[in-house]
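Paired with chain B in one complex and with chain C in the other, chain A is shared by the two complexes that follow.
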Partner chain A sequence: MNAIVRARDLAVDYTMPGGVVRALDGASFELLPGRSLGLVGESGSGKSTLGLAIGRLLPANVRHAAGDLEVDGRSVFALDDEGIRALRRTSLGFVFQSPMAALDPTMRIGRQITLACGGQPDVGRVPELLQQVGLPKGAARAWPHELSGGMAQRAVIAMAIARRPRLLVADEPTAALDTSLRAQILDLLVALKNETGSALVLLSHELPVVARVCEIIGVMYGGRVVELGDSAGVFSRPLHPYSRALLATAHDGARPGERLAPIPGMPPVLSGPASGCSFAPRCAFADERCRSERPPLRPIGGRLAACHHADGTAPERGSGMSSGM
Partner chain B sequence: MRLLLHIAARMGMALLTMLSVSLIVFVAMRMLPGGFEMIILGPIQTEEARAVITEQFGLDRSLPEQFLSWLVAVLHGDFGISMITRIPIADEILRRLGATVQLTAMAVITALCVGLPLGVAAGLADSSTSVRTCGRLVGALGASTPDFVLGVALVYIFSVWSLGLTVGGYVPFFEDPLANLRAMILPASTLSVFGIALILRTTRESVLTVMTEGYITGAVARGDDPASIVRRHVLRNASLPVMTVATIYLSLLLGGAVIVEILFTVPGVGLYTWNALLNRDYGVTQSAVLLFSGVIVTCNMLVDIAYALVDPRIRGRRQQ
Partner chain C sequence: MASETVVTLRGISLTYATGPFWDRHTNRAVDGVDLDIASGETVGLVGESGSGKTTLGRLCLGLLTPTTGEVTFEGLVLGTGSRLPPGVRAVVLQHPEWALNPRLKIGHSVAEPLVIQGRKSDPQRHARVARMLELVGLDPGFARRFPHEVSGGQRQRIAIARALITRPRFIVFDEAVNALDISMRTQVLNLIIDLQAEHRFAALFISHDLAATRYVSHRIAVMYAGRFVEVDSARRFHDRPCHPYSRALGDEEDFRLDGVPGDLSPEGCALARRCPLSIDRCHAEEPELRLVGNGYAACHRAEEVARS
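Up next, the complex of A and B:
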């Protein structure tokens, strides 16, 4: 089966007033149709950039530097403007952080969902979508400001799935919501994925949350995917030192008042390709090789990790992606 | 019910504004050196002759008495007669209203027709393109050139090279439409330049702001084409500040109309008011100012209503 989305050594640069910042530094992953992938990382790890890159939605000051990104077999950076618009319409659905901002304040919800359907949906399509995302039929008549944050995000999700995308990309879809609503919205996304057969890429900084709802986890650091594998495995036995550190900071299971272990040091800000492992300055296991030689993303114990020391042996060259992802 | 109360309160405020404006203008005019009797009779006259005039027109009464009697008459729909021509003021103003309305309408329509599309284009264009630079330049120049400077320049230029346009020589539109337009194009253009700049700048800023909103990113992410994104989302959301500014422009126009009507001798309400002020024809100035303030207050109320029509959030707030 062909992957619905596949990134190969993708690198993109932001042109800032102070110079160039490399946001993605050779990110690779792939996802099969109908599967769910959670991309986890700190802010600055490049996960949002990767999420936007899937729809070529990057701001104007971003340059595609190297590598490739394919959605549904088409290279998004090679498409012309109408081509990428067609791809967004037919294959992609996006859910962003802030649901209130994502709705046009001057338009009723029903009208916005109608437009998201392509303008002239079948009779009954809008009520069907509302029902799918758990909104009452009456919500079609509502204005965005009349909805709560949770309802607004449901409306946004209804718009994202309106044209039955093959891939749903959700970038921190619960960050702007009440804690009590977060699980509901994530469960809704997973339920819709299972119901419609679309694939799901969920971007989050909370490893436990992603591990609960996604089948596969990709851990991002310094603009790369540093570990990729099935959720249970990554969550229970992380291979990459950064994954382990990230898991240790997770507050799930921590008792109130207990101090969380922060990862010492700061995430890197790259201006070009990192020469070695970008986690090396913060890593307890780093040696000279880590600083001078880039660790490739290679198969270790049924998953992929980009670390020279993940298995205690020398890296195997020329590794491909493991199947099933 | 709350809505009706709100409207009633707004109208009360509007009337209060008009009353205050009338009062201020009344006091200001009476503080000007040289009253009506000085203007009519000239400086070399006896006190007795002046007393006859002031008594004849009731100018010898106390100021509060004069203001109150004027106010009562106006509330009964009687604007009095011009002390100079002895013709009812209402008739005099109505006769001149056509030219001013035409001038204002031409200026507003030109400003909107030029300013809106340029503003939208400048707002949508990338920062590097010439459209945006051009928009900035036109905006800055137009907004900072005073009417009287531009008007004088146009009078000078078109007095030398007519190019088919006339400076002065106003003819009512329905007598000779062509001659009317030839006389009105220059004054209307003078007035519209500031409006073009104002509306262009506001539209550009507003469009730029809307373009960064999440719902625009959302529409882009859904693969909508740029033209329909502009049509469906940008124009409507960007229109609110533009409407406010267009109203402010309309208010400024009435002031600008006075200057431009004087410069181009357009026989409108502005020129009439100016002459009345010079002649200390108190009733005329009072009535004209009342009319101007009435127009401004009404425009502001209309914009309020238009706001509510465009933005459901404002409707919601009102009804709560």
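Up next, the complex of A and C:
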């Protein structure tokens, strides 16, 4: 089977008058039709950039620096404008990270969902979508500013799934939702995937969310996918030191009076290709080689990891963090 | 340490009216809320989507005028023509894209509260902006970017830096950390805790994330359909919340709610139709917010819940 989406060493820069930011620095992954991939990573690691690249929805100050991204076997960078529009219309659905920016403030919610359905949906389709995302029927009459934050997020999800896309890209779709609604929305995405055979790319900073819904997990760091494998494996036995640190911090919260510790150090801000491993300054296993030689994404223990020391030669030192929780 | 009250809400209600006058819909988003927030104190506000948290935060800030009741800020009744000096209140909005002027560079936006306070010529201004950015985990180089040139979580942290820079006396954090990964979230929550210990601001921390809310808050208020159903210290709330809805929020199996959100019972307890513990009395008689143990709960069966 051919991949529905495949990125190969994709590098993307944002250019600004003051300089260049390398947002993706050789990101690779692939996803088969009907499967679900969760991309996790810290703030600024490149998740949204990768998600937007799938629909070539990146802002104008973007430069496609290297590598490729294919949807259905066709490079999105090679398509002409009509081609990419057709692809978005027929195959792709997007839930953007900021729901309010995705809604048109001058149009009632019902009208916006109708348009998302393609203009003239069956009667009953709009209420059905509203119900699926847990919004009352009356929400169709509301203006975007009359919705609470979580309601707006669900309206945007209703629009994204309206046409039953073959590939749904959902960027932090549950960030504004409480536990029970989150479960409802995630179950909805899974049900949609199972019913229509659509594929799902879920971008999130929350590992538990992703592990719950997705069959495959990709961990991003510094604009790269640094670990890629089946969800249960990555979740229970992460290989990359960053994945381990991320998992070690994924706690249920502190006991009263306890103080939690973040992963020490700052996320990298790249302006060009990283010369070594971009996690090296924060990594407890880092040595000279890590600082000078880029670790390739290579098969280790049934999955892929980009780390010089991930194949068990790394000394087992707790979680791999230089300071414990 | 004796702390004075900064914000006081008494009998606050707010009804939104929408639609043209011949087809008026009203929605009571906040209904009879009393609350005091003291300096140096953080009150956590949790509750499901649409329960009225953002609305209550805006009422505390004086950005909305209550339909009934009174909001007092350091002894001054809001909305009576009295004006507070600039910079004493700050807010981190649920949608950070609204908080930052898209045409201003980030350094400018973060410094703006200082400028409004009349500290335009402060020679330390740039240094303070750089320091503040670093504290929220951002390279000082971000000061030269525009708001659309950063990621979602970065924008959220910029909004937090902007809110904290003037040392306001009251801050509302509305879903201020929901776009942050757990490590960054911990760093920002620690920052809020440390700055509060130093400057003793009062805070309302609105979030659907129970763990984060318990971590930064001294007291927790749980909201359902515009009302407080439980108010208690964060410590006791952690050990044993005594309202069934609080238990449901904590994802406890035995307290899972039935039905759909927004299915409010017309009479009695608003939760009666969805609560797994509801009895006849719940459908007939509305529970008052009353003392249960050392905290407050609005539930006929709160004592039993507290024991279970």
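Just so we're on the same page, the second predicted complex is superposed on the first by the 252 of 325 C-alpha atoms of A that agree within 3 Å, B and C clash if a C-alpha of one lies under 4 Å from a C-alpha of the other, contacts with A are read in each partner's own complex, and residues count from 1 in each chain.
One rule holds in what follows: contacts are C-beta pairs under 8 Å (C-beta built on N, C-alpha and C of every residue); 3 or more make two chains touch, one makes a residue touch a chain.
On a predicted model such as this, the values are computed, not experimentally measured, just so you know.
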Which of chain B and chain C A:T106 touches, first, second, both or neither: first
Which of chain B and chain C A:V190 touches, first, second, both or neither: neither
Partner chain(s) touched by A:F94 [first = chain B, second = chain C, both, neither]: first
Touching partner for A:E146 - first (chain B), second (chain C), both, neither: both
When both partners are placed on the shared chain, which of chain B and chain C touches more of chain A: C
First (chain B), second (chain C), both or neither touched by A:A66: neither
Contacts of A:V20 with chain B and chain C, given as first, second, both or neither: neither
Contacts of A:V156 with chain B and chain C, given as first, second, both or neither: first
First (chain B), second (chain C), both or neither touched by A:L79: neither
Common interface residues of chain A - those touching chain B in one complex and chain C in the other: 98, 100-101, 143, 146
Interface residues, chain A side, partner chain B - complex: 55, 57, 60, 82, 84-90, 92-94, 96, 98, 100-107, 115-116, 143, 145-146, 156, 159-160, 162-163
Chain A-facing residues of chain C, complex: 16, 18-19, 25, 46-50, 53-54, 94-95, 97-98, 137, 139, 141, 144-146, 148-154, 157, 174-175, 178-184, 186-187, 189-190, 208, 210-212, 214-215, 234-235, 238-239, 248-249, 251, 256-257, 260-262
Contact set on chain B toward chain A in their complex: 126, 213-215, 217-225, 232-233, 236-237, 310-313, 316
Touching residues on chain A, where the partner in the complex is chain C: 14, 16, 18-19, 21, 40-44, 47-48, 59, 61, 97-98, 100-101, 134, 136, 138, 141-143, 146, 148-151, 154, 171-172, 175-181, 205-207, 245-246, 249-257, 259-263, 266-267, 269
